[in-house]
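Structures incoming, each one as structure tokens.
Two complexes are shown next, each including subunit A; its partner changes from subunit B in the first to subunit C in the second.
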Partner chain A sequence: MSGTTQPWPKTDGFAYAGGTASFVDDLRPDGLLHMAVARSTRAHARLAKVNTAEAERVAGVVRVLDGREASTHLKPIPYAMGDPELIGARRGHPFAVAVDQVHYPGEPIAVVVAESPRAARAGAAAVSGDYRDLPDDEPEVLAENHFRAGDPEAAFASAPHELEVTFPIARSTGAPLEPRGYLASWDEDTHKLTVHASHQQPFALRATLAEVLGMPETAIRVVVPPVGGAFGIKMAGQPEEPLVCLMSLLCRRPVKWIETRAETMLGGAREQVHHVRAGFDADGQVVVFRDDITIPVGAEGATPGWRQAYVTAATLPTAYAVPNVEIRSRVLATHQPPWQSCRGYGKETAVLVMERTMDLVARHVGLDPAEVRRRNLLTTESLPHRMPSGYLVDSGDFPALLTKVLHAADYEQQRASIVSPSEDGLLHGLGIAVEVTPEGGGHASGPLNGRQPTAAVPEAATVRIEPDGRVVVLSSVTNPGGGNETSLARLAAAELGVDRGRVTVIQGDTDLCPPGTGNASSRGTAVGGAAVVLAARDLAQKLRETEGAERTEALSCTRTYRPETLRSPQETVAYRHSYPYFSSGAYVARVSVDPATGVVRVLGLTAVHDCGRVIDEVLVEGQLQGAIAMGIGLAVSESSQFGADGALRTSSFKEYLIPRANDLPSFTIEHHETPAPGTLLGAKGAGEAGVGGAMAAVANAVDDALAGQGAAVTTVPLTPPTVLDLLETRGRQP
Partner chain B sequence: MKRFHVAYPTTADEAAGLLQTDAVIVGGGTLTVPALTRGELNTAHVVDLGRLGLDEIVPDGTVIRLGAMVSYQQLITSALVAERLPMPHRMASGITGGIQIRHQGTVGGSACAARPNSDVPAVLVAMRAEMLLRSPAGTRRVPVDEFFLGAERADLRRGEFLTEIAVPSTPPGWTTGYYKLKFAESSWPVVTAACVLPPAGSAEVTIGGVADVPLRITLPETNRTEHTVAERISAIPTERRWSDLRADARYRARVAGEIACRAVRQALAARGDQP
Partner chain C sequence: MTELPELPLTLVLNGKEVSATVDADATVVDVLREEFGVTGVRAGCRNGDCGTCTALVDGRSVKTCLQLPGRIHGADVQTLESIGTPDHPHPVQRAFLECYSFQCGFCLPGMTFAAITLLEHTPDPTDAQIRDALSGNLCRCTGYENFVRGVRRASRLMRETAG
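Up next is the complex of A and B:
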């Protein structure tokens, strides 16, 4: 393990744990107004009129604004992560507020600004719409993607065995403890708009606001206070972002909007149906894999949410060397709230589908699931490996991960000693999963072939030393609450040879920090940290050059860093830049299933994780602990449900069940380091990995527990009613 | 969402007088306060019972009188409750939500909310409790079997509020069991079963979360619990079967027999029988 991995205190840990961190809702400038959003109660309707008169009469209400009026001030919201055409999608014009038609329940139809949050909410509740329901329409195809390798038809014709299975996956969300929130302060004197936002992408937010509001970027400052979790939902492109700014401009007072829990719960992603057909031989060697995927992404939105659909399709067939592959996906706009980015970003569902398929193959040929994986995993000799989508698996050692996790989990011993049902009547099962997580930014892929190229996006850092020796790091990377400032600080301190205590990290301020992407795609340390190292090295060089001189002014260096675009050595065609590194992991889950009630309990979870060079083991483990907990939640209990009228039914934590600590076992986590060839530090990402691996391992373990007792597991979450249904349909194994 | 006025009466008479309006009554507030905050409950008047001193646990012969504002935590820490009301004691220990909810939430509030799947209603029915209701007209005593009228519907007339729940002590030699099925630590109960086992004669099990009100079922033979419960459940008219988004009525009917058996086994084990 690297020399830098000794634990350091997480610099902001006490502030978060002790309740002294100052979140956006803690900011209360003089003259503050509060915004609430009136939302559509219909899924699909003409909006003839928005009735605001009653809201205007509510005591404390200052201003009500409907879509018609908003449309005279605002332009459509630009796509936050590049052109939709890059991923085979058509271009829409998402607007912040419904003007004459509503597309989903929860769509903003008006905003209300008042002297108190309560008055604003009362005002919003008093707004009503005159709707004329529109007939059900065919879902609109937003995008179609097709990836192919080898000759699938011929492979199916000669494959000795095949299986066909459908995997429906439920909609679920990210559920940060702190919901979204924005505070916009327009200064009439300086003509400057300052926006404090619980956000992952301050620079993207600034660019979005400039475009929607028709202001120069130089007139906008975005500041990100401490964030209480993000998980993807705090990326740019949300309708409330420009609305809160517009209301500050119109009212000439600071205006704040804090999302309610019910509003947070409107967001979601991951829902999809996979029709898989796989051909394989008697040794469990998979020769052909086909997947037809239907992905309803809700109404069209401007956030990067719906792009996860592309990533799912492009990540197949994950860690495996399958010579013949055909993936087709159809991305559909529906009348549910728009998808938001959710941790895993589409990769987790690809992992689930592939890992379930491997287990079904194993059962079909009568081999242990571990053995079937060994026979199909990509070997180190085959890396870098170009996937059918054009993603490049840069590095890793998947067979070693598998060996290591089986050892860490004592798999053989557990397998041999499991008594199922046990004395208490519970069924027991073990499940394995191997996960790859493409990371680092670059979801669009494929051979160039005259198509629009893509490039690696840089991160930047300024490292400054004050005359008194204090070091300040200004980073383009932001901290969603996971603590990446600690790893940035330790990287700077190591390069400069100073104590940790002398380094201050400043993030998330567009007036102070150099520009970059913020918090996205598991690149905080691998890309943002590399920029800090380069800037610190430059600064160290400058200090050496001026050694002995008296310092009266600060010395500062700024560097950008972008990961390399790798290629496979035999390749003759050029590819787009896509995810520059793949982290990977292997997981073993142990579960019990109560056959009388269908209740699943996760009894053990062992992970071996390869995020390349580990910069800070404590932070990596923290990320993985959270991701595994989320993966277990997705496997057994998390599901966003809508009623027949289209309204969200899971609007609180009493309906949307995320695991609590006592739902979970202690996790065993080990590391395996294969350096990323395309990053300065050899680091890959941590954060997204673990969601798919844990979800798939638990689903496989439940299937193992039910083996011989019920039908195969093909869906998540495995809620007790779903599990009982599987037990009832005994013998219908695919 | 409207503005509303909150009154804090200090005597039962004052409270009864205040309730002539269409007021929302707040006990511990764990259900009502979030609903008021979110605008799901609309009212001009809120009456908070927190200053009435209704939080005492008093033994009175063979019954234990629980003030309407007694919290779950009081049930847990009361030696009297542990000894003489072992089933409510066990129920309180399993309340979801941690120490704050256990201190804040009240047994009386949960009874008045009359949610079919909550812990309290089925336990009170199993214990054959009596509800004391106060109004300007005086005090009315309602056997718990008549108190629960339907889902979220209790026999509380306009202007009436609950002051006390009289729970008969579990006599020496009698044993009880309580089992609740829920889907995660954060989940509300899905199906509950509360068993009372006398030294002689038939045991009873009360099932929550299957019908719109708790179902008390006599078990002539404890080794046929599953069968007896299934028969009784199959007789529930469709419109009185309970479902919510955690589970449909079919799932509840499927698991109820087993959940009942688990409560019965506890009661048998407490008596020292081999279940």
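Up next is the complex of A and C:
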């Protein structure tokens, strides 16, 4: 930690430690009104009428608005992150409130604005709909993707061994501790709408609101206050975003909407069924991999959530050199709440499927899972490597990661010394996983075939030095809590040769900051930080040129930075962009399974992480620790469940179980740095990696613990009932 | 709708006597936030699961989303804002900052008071005791690893000061 006088890593830390940081729900401007949302209780029905009279009589209620009225004010919500056609999908017209039909339980049917949050909630509870249930329909196909390499049919015909297995993966969600929330303030005098939002994408939110509300972007200012965790669900395209603004416009007062916990839990993703068929030889070399994936993404929505389905398919076969590949995915609209983005963004499920497959191959040929991986991993000589989808793995050293993690976890020794069942009757197991995580914002890839090339969007930064020497960094990337502002300050301070304590970072204000994406796809430091470095270098140059002159005005420089998308040297075909950099990691998990109760405990988790050049080790490790904890949660307990009536059954933390402190072991983390060739700093992303790796390592460890006593693990989460079912499938009673 | 019963409420909040008339069936977290502008308690779940609403009521750590206002009438209530300053942070606050224990900070009311309560009763806890003590609170950012380190460090700081 050079050049710092701060005793702690987070620059503005005490505001948080001392409880004075103002999250969006802490903002209470004069005249504030509160909004609550009345939601559909049906999964699929005609909505003949929305009854609002009773709500209007609730004391304190100011205004009730249903879909019919909303449709006279609002346009459909535009798709976030590019045209759906780019990734093989058809276009819908997602609207903020149901007008004459409901598509999922929880869909907004009306909003209520009142003088207090309680009155708003009471008003929303008093709204009812006249529904006529519609018959079950065939799920609509929203998108289909097909990626292929080599000659899979011929490879299957000649493969000495084959396995076929189905992996169903549960729906799960991000569940940040702070729910979503927005505060809209329409100023009649200046005709300006100011929106404070717990959000990851202030500029995308501004653009979305401009389109839905029919206002110029210049009339809208989005400000992001401190955010209490996001993990994907705080991206643009949510129905409540324009609704709270519309209510402020109609009521001419500030209006705040804070999501309830039950509403937060409606969102989710990751549910998918993989039918895998793999061909391999007696040495465990996988020669062909086929995966038919069905992905129900809930009802149509405008957030980028449903796009995760594409990323799962495009990320296969992850870190492995499989010459013959066929991936088909069908993305289906269903009558569950629309998918929302969730940390990992589809890559984590691809990792789970591939890592389970490698273990099953190992068992089939009688080799250690580590050895089978060694024989199949992409080597450094084969990088950059074009995946069947067109994604380009830019860098990494997967065999080295594996060797390092086995050493760090003392794998051989642990393997040799495991006694299972132990004296207390618990079964013990070890599991390995290797993970690649495409990052940096991309995802429609593949040959151009006459289409326009696209590129990963840039980030921007302004670096300004005041006459008194204080430095201000204005960045287009935002901070959901991980502390990227600290890295940005560190980078600017280093370029300018000033103390980090002299640097202030401003993020998340569309009137002050240069435009960019905010917080998504693990790019805050690798892309946003590079823009800061470029702007700071320009500024340093300017300062050198004016050295000696007295400065009475601030000097400032603004730069944008776009990571380069590489091309493999052998390629002649031009590609649309891929994710510009791939983080990677290798993991070893140790678990115990109680055969009497089915309870899985994770006893140890070792990770070796390659996020390229490490800018700030403590922050990078923090990101990885959080991702690993989430991956463990997904492996053993997290599952969003819906009843036969379509209603969410897991609407609180009593049903949706995220890990608590005593559910988790201490993690062992090491780094392995292979710089990203396409980024200025050599940094890749941190934040998404770890979710898939930890989930897969734990699933493999549970399978190892059950080996010989239970059926193969093919699903997550491995809750007690699921584990008991696996044991009983083999006819063994505890 | 029937009129909600109202309750005249007086308490000592962070060292100052305050009073208000509140709905008798409101929850304490809402009273502290909406009536008195407290930012150091938060409504993460309103269900007792997450601990973001934690405050000290007469010296005891309490999840205020599960309490009715009658519970704090005449009580001494301390929230996160009152236990330290930037120049003189509470040892737990200092340790959490130094160990990068938290990320978004939303969980800190529960984590901080759980740690303070633990260290009052168990000045030199084991990691397992720390994890059990924190387990009534949720954090989604960190995986708890650095909170465990932070509590260990706070334990050292407090014993050094005491010694």
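Following the convention adopted for this analysis, the second predicted complex is superposed on the first by the 717 of 734 C-alpha atoms of A that agree within 3 Å, B and C clash if a C-alpha of one lies under 4 Å from a C-alpha of the other, contacts with A are read in each partner's own complex, and residues count from 1 in each chain.
As a convention for this text, a residue touches a chain if its C-beta (ideal position, glycine included) is under 8 Å from a C-beta of that chain, and two chains touch if they have at least 3 such contacts.
Note that the coordinates shown come from a computational prediction; the quantities given were computed from them, not determined experimentally.
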Ask   = Given the touch rule stated above, what does A:570 touch, subunit B (first), subunit C (second), both, or neither?
value = neither
Key: Touched partner set for A:59, first subunit B, second subunit C, both or neither   = both
Ask   = Is A:26 in contact with subunit B, with subunit C, with both, or with neither (first, second, both, neither)?
value = second
Query = Does the superposition put A:719 against subunit B (first), subunit C (second), both, or neither?
reply = first
Query = For A:14, is the partner it touches subunit B (first), subunit C (second), both, or none of the two (neither)?
reply = second
Request  = Count the residues of subunit A touched by subunit B and by subunit C, then name the partner with the higher count.
outcome  = C
Query = Where does A:662 make contact in the superposed view: on subunit B (first), on subunit C (second), on both, or on neither?
reply = both
Request  = Using the superposition on chain A described above, determine whether A:190 touches subunit B (first), subunit C (second), both, or neither.
outcome  = neither
Request  = Check the residue A:552 against both partner chains and state whether it touches subunit B (first), subunit C (second), both, or neither.
outcome  = neither
Inquiry  = Applying the document's definition of touch, where does A:654 land relative to subunit B and subunit C: first, second, both, or neither?
reply    = both
Ask   = Can you list the residues of subunit A that meet both subunit B and subunit C?
value = 59, 118, 122, 260, 653-654, 658-660, 662-663
Key: Of subunit A, residues touching subunit C in the complex   = 7-10, 13-14, 16-23, 25-26, 28, 57-59, 116-118, 122, 174-179, 226-229, 231, 258, 260-261, 480-483, 618-619, 622, 625-626, 628-630, 652-654, 658-664, 666-667
Note = The subunit A residues in contact with subunit B across the complex are 59, 118, 121-122, 125, 260, 262, 596-599, 636-637, 641, 649-650, 653-655, 657-660, 662-663, 719-721, 724
Complex interface listing, subunit C residues touching subunit A = 1, 23, 26, 30, 33-34, 37, 39-47, 49-50, 52, 79-81, 84-86, 89, 93, 96-98, 100, 102-109, 112, 127-128, 130-132, 134-135, 137-148
Key: Contact set on subunit B toward subunit A in their complex   = 1-3, 38-39, 181, 183-188, 190, 245-248, 251, 254-255, 258-259
